[in-house]
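You will see two complexes here that share subunit A, one where it goes with subunit B and one where it goes with subunit C.
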Partner chain A sequence: MYDIRKTYSASSVSEALRLLLENDGATIISGGTDVMIRLKERKLKQAVLISIANITELKGIAVRENGDIAIGAGTTFDEIYRSEIIRECVPALAFAANQVGSPQIRHVATIGGNICNGAVSADGVPVLLAYDSCLEIAGVSGIRTQTLSGFHTGPGKVNLDQSSELLTTIVIPRAEYEGYFAAYYKFGQRNAMEIATLGCAVCLRLSADKKSIDELRIAVSVAAPTPLRCRKTEARLRGAPLTNQTIAALRKGVLSEVQPRDSWRASRQLRLQLAKELSERAFRQALETAGGEIV
Partner chain B sequence: MIKIVHMHVNGTDVELGVDEGESLTDTLRNRLGLTSVKKGCEAGECGACTILLDGKSVNSCIYLTVWADGHTILTVEGLQRNPGELHPVQQAFVDEAAVQCGFCTPGLIMTGVEIANSGETYTREELRELISGHLCRCTGYENILNALEKVVGKK
Partner chain C sequence: MGIGQGVQKTDAVQKVMGTAKFVEDMIPQNALHAKVFHSTVANGLVKSIDCSEAWKIPGVKAIITCFDVPNVPYITAGHPLSFDPNHDDVRDRLILSRRVRFFGDEIAAVAAVDPLTALKAVEAIRVEYEEYEPVFTPEDAIHAAHPVNPAYPTNELARLDFSISDSTVTWGKAAFSTEQNIAGREDLQSDHFSVPAVHAAHIENNACYAYMEGERMVVVTCNQVPFTTRRNIASALGIPLGRVKVIKPFLGGGFGNKQDTLYEPIAALLSQKLGGAPVALVMTREETFTCSRTRHAMDFYTALELDENNKMKKRAVRINSNGGAYAAHAHAIAAYAVTNYFQTYSADVVQIGESSTMYTNLPSAAAMRGYGIPQLAFAIESQMDDLAKQRGIDPIAFRKINMMKKGFLDPFDHFVVESYGLEACMDKGAEAVNWEKKRKEYDAFNQSSPIIKKGIGMAIFSYKTGVYPLQVENGACRIILNEDGTAQIQVGATDLGQGSDTVFAQIVSEILTIPESKLSVISAQDTDVTPYDAGAYASRQTYVSGGAVKKAALILKDKILARTAEVKHCAAEPLMLENEQIVQHAGEPPIASIAEIAAFVQYCNDHVLQTEQLTAEATYTCMSNTFAFGACFADVEVDVPLGKVRVNKIVAVHDSGTIINPKLAAAQVHGGVAMGVGYALSEQLQYDKKTGRMLNDNFLDYKIPTSMDVPEMETYFVETYEPSGPFGNKALGEPPLIPQAPAIRNAVLHATGIAINKLPLTPQRLVEAFISAGLIRAED
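Moving on, here comes the complex of A and B:
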């Protein structure tokens, strides 16, 4: 038996917000794959749960009139993996979605829960960071928008007022995905059902002649207290030619920006090695899909 | 607190009063006697508690019964058609000796049913990925994959 005092099921975003305000200390629950584990481990007790799983406006993936991709926070990883829109416009996200847990977990676990849980290892986050995604958050005074970059403020901490706010939508702006190619690499101790030891997503756009980097974004997980963008390296490599020197600079740059720690899962040394290795692999793969070649 | 839920379980409509903190595993086992649903890790890792919820495999151990209100559930008990006749996935597990202690088997059968219902064929590698939410401590998985290949056909 889980230690639950009361459960609610909201049928709209406004009802969920009202229930949050009426119930001090209540917890929003979507797929529950993180919250139920917290309950099981008794990190959460006497819980009052507000389920958002039945809110249809939080589900599904659509292309907005302006071309932005809007993913409802309640969309499951299985739905993301199968979505034609995602496969066509941001295929690296479909790939990352399929790296989460197991089929059973992906049937219920949501992208919104993955982001709001704040885990530094979340598989949904690096690719979305590399696509410079935005979040739409509903609160009593309406919707506010903020970039995903900066949303994570510490291990398990995000810039969301849990007593009055709800993540509704993840937006991948058209300008941030059109012409871009991305790849995600995750290292775990096993091939499936494994929390990332380290993950890296690279998203790039090539120059018109496909001979140099026009835009570059690198996102690394489990390499700092929060998922991280390597902005200095990105800036340094903008305009760089597609050479082995550029790859060496990428490895060196990423290494200088990450600050992993020792944990029972892996040592700092292993993570430093993985940061170099996975950023190169993700870069090479993104480059290949973009039709670029190392000369 | 007790809440009333309505579910369609193994072909029958049921109405039950359940505790809000009750997992679907506990409701199916203790209130409905469906003991094919096993309790392993109770943390979403091992797949022993796998059931089909609206046709999709779900770990019932980390799923609250109150969330299943209005939904359709299938467990191994619901696979029997005529007395003495096994579902093709069950029969394949028997034929390929995919069962040793049997603790993981009901969960794997349900994932197998979901795979078979998809109507698609898969490579062995894809099947391996599709059963990655199950742990089997006995068989080494090879016979399980043989059984699944037999049911869904090789790609």
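Moving on, here comes the complex of A and C:
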């Protein structure tokens, strides 16, 4: 039995926003895989739930006229994993979507919920960060756009006014995925039904001759209070040749930018080791997909 | 069908279709629901409780606190009654505790119209504590200022020390350490092995409901030992045994964690306060983790001396067992472990064992599949591989020099090993994994592979069947023959998923020739009508309870033949059963069917024949014990930079005597292997170091293996014939778990050269070890 005072089911974004404004302290719920846990743990009491699970405009994946990929916030991980668009244009995201929890979770959990929940371990986030994705957020005064990078402000905290805003769309701009190749490496203590001990996504574009790095992005989860981009390392390795020295510099660079903590779930020592190791493995995999070779 | 056949589980269809009824399915619609107030300190005293706000919540029907319960401590252990003062259980539990012993201890309980209302009322209760410094390890617990149980001022619950020479045990303070300090002597050159507390993780949470029928208290509970639970409930409530009835319906896994009496007395007391209204108390998953039982965390300090032929000369072990807050099984588990150290292997000259179980301010430890032996096997079998490596000898050859042989006289329980398949298990497993070839192949591979390393390791065990002579071993069975030749079988032995009901049907079928499809084993136990049995533990049911079923079936068979002789006017002597018929000689035309005889003697109205419902009932007293054996081989791959172990394959070989049902037996091994993989790699209960609060009381953070983590398994049985078993059979329930962790650890040793002496082999532990050994290079 759950401590739920009232439930609403919105059928449009505008209705959801209206319900949010009318109900102080209401909670948006879609798949419920995070909200129900908060209810069970009694962190959420006398809940007023506004379901957005039946809003069709929040669902699905489309390529916009300008070539940007738009993922509705209410799209489930399973839908992302099966999407032809995702598999063709940003396959690393399909892979990452399939790393979430279990088949049951992936059938109901949504990408929007994964981002807005603000978990530092969210499997949906590193790849999207590495693709320099943007978020479209609906509010009373219309839609605002912001980059995913910077959206997370602390553990469980995001730049969203929960009393008046709703994440509607995740956009992967064409310029940020075309010609890019990405890979995600998640480390969990077991092989399924697991949260990341640490995760790393690497997204890169090679020079025309495939001999050097043209553009590089590294996103790491569970290595700081928020998922983070290793921007200094990215900048330093722009133009670097595909050599073992570059990989050594990548490992060292990532190590200098992450700030994992000691927790009972995993030690700082393990997370540091994972950060450098996973960034190398994700880099090598992205490189292989891109057709590059370490010389 | 009968013995040796892969008969389908009697409850398979019901469980697959979801029609089998478990406790939660049976809670009456009008039942009140109870929730427990748990302490938020680990060591202290409740000064006061304020329930005034809780009472204001509409729907609250009853609140009981630690100030309202009978002040008579009772036993929680699921052991049969013992008249031996050395084996009596400790009475140290009250229904609700004023003297708080662990973070989560039960202080008050509320019954309300629904679980949420009860929970809100619990949240409204205010408690004031006098707090004491908590202790979480045996080392900290000894002589702590505020003992967990004031009746044990040093916190030492019990100890068992001995030395053995010429198969004779001398009890008393052993010579291994002369110190009182339980950590053992510091000057002793010894290895240290350590295993954490783990949880059974059965899928059905512990649950019960209680109601009264007139003066009688009825408790429906998912408990493995309904008769013992009845006694413990009667004792807790201070009412005669005859006033309590316990019903055990289908049970969704237990592994020993449903052997103790937990919340049954709370539900019963609430029902009593409410005039007998039904009160349900279903633990949440988090409560099941914290407030049921755990496997004991243990530390092993072992010292060993070999002669020039690699034969053990001197051998000593010291076990410090962390018992947690309540005595539960007291020292029984550490005692099982310390004695088994000298059973699987023995030394020629000196053998010394010491063991201590300490009270600490952690959740109580008690029975869990393997009863101390998985802990011990990790220590012994790791040590065996370390020694083999030191001596440059093959681990299997080294074990063969030192391990138990046929004819071994157990120095503790004084029985002689007659059925013995240990060596054959090792040979079979070595052959199946291609031991010698693979060891060499992996050695060569590892030379040139710094990231992925491969290894193959093994471990063996011996495990007793039942607990005779420490405790009485008995069980009873009743068989009721129907007039159509079908029958019901009633046993006090409990099926908790392991398939004992199916095996009992096979035993009856074997003797009466009636196929299992015509036999109904009454799976639910009701202490009012079910024949007595001590219950499910110690891998005893096929060995002990099976003996009762066999005995009852033989009695019924004799009755059938005797009544046939009477009805058919022939001699009973040559009569026998064949395919549900009575024949005079094998292969001859039948003179009657079992059904005809059963119908005739029950309904014949010829004014001559004394009618009879053909039934048989028997109690079997088992006065023997025997070792089951086995060997496990693990093939692993270690991803060194990630500290991640991938178990590619487990080969499990068991000597459990005659295999009654090969399919169920293999399934039992599969489950044990999966559980053992968790023990080896990922499972450990974690506690906040300051408060003692359990941190990972859920399936996200308590890492049991998923289907993606369980390796390929091969299972083999080396069938021996154990003369003391009803059909030559011996233990199989618990054994499959035992050797997995050391076999995997030894495979990691083979792969990496790193000996890890602490479970589980988590990435964190491995990465730390690999960094300090230089296998993982530091960044420039």
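Brief remarks on what is shown
Operating definition for what follows: the second predicted complex is superposed on the first by the 295 of 295 C-alpha atoms of A that agree within 3 Å, B and C clash if a C-alpha of one lies under 4 Å from a C-alpha of the other, contacts with A are read in each partner's own complex, and residues count from 1 in each chain.
Convention: a contact is a pair of C-beta atoms (placed from the backbone, for glycine too) under 8 Å apart; a residue touches a chain by one contact, two chains touch by 3 or more.
Being a predicted model, the structure only gives us computed values, none of them experimental.
Of the two partner chains, neither subunit B nor subunit C is touched by A:Gly74. In the superposed pair of complexes, A:Arg42 makes contact with subunit C only, with no contact to subunit B.
Of the two partner chains, subunit B is the only one touched by A:Ala53; subunit C is not. Look at A:Phe187: by the touch rule set out above, it reaches subunit C but stays clear of subunit B. In the superposition on chain A, contact of A:Asp3 is made with both subunit B and subunit C. Of the two partner chains, subunit C is the only one that A:Leu255 touches; subunit B does not reach it.
Look at A:Pro103: by the touch rule set out above, it reaches subunit B but stays clear of subunit C.
Shared contact residues on subunit A (touching subunit B in one structure, subunit C in the other): 1-3, 102, 191-193.
Residues 1-3, 42, 102, 187, 189-193, 195, 197, 248, 251-252, 255, 264-267, 269-270, 273-274, 276-277 of subunit A are the ones touching subunit C in the complex. Only residues 1-4, 6-7, 9, 32-33, 36-37, 40, 51, 53, 78, 101-105, 107-108, 191-193 of subunit A touch subunit B when the two sit together in their complex.
If you check the complex, the residues on subunit C that touch subunit A are 114-116, 119-120, 123, 641-644, 682, 686, 688, 695-696, 699-701, 703, 705-709, 762-764, 767-768, 771, 776, 779-780.
Subunit B meets subunit A in the complex at residues 1, 3, 19-23, 26, 42-45, 47, 50, 53, 56-59, 62-64, 66-67, 111, 129-130, 132-134.
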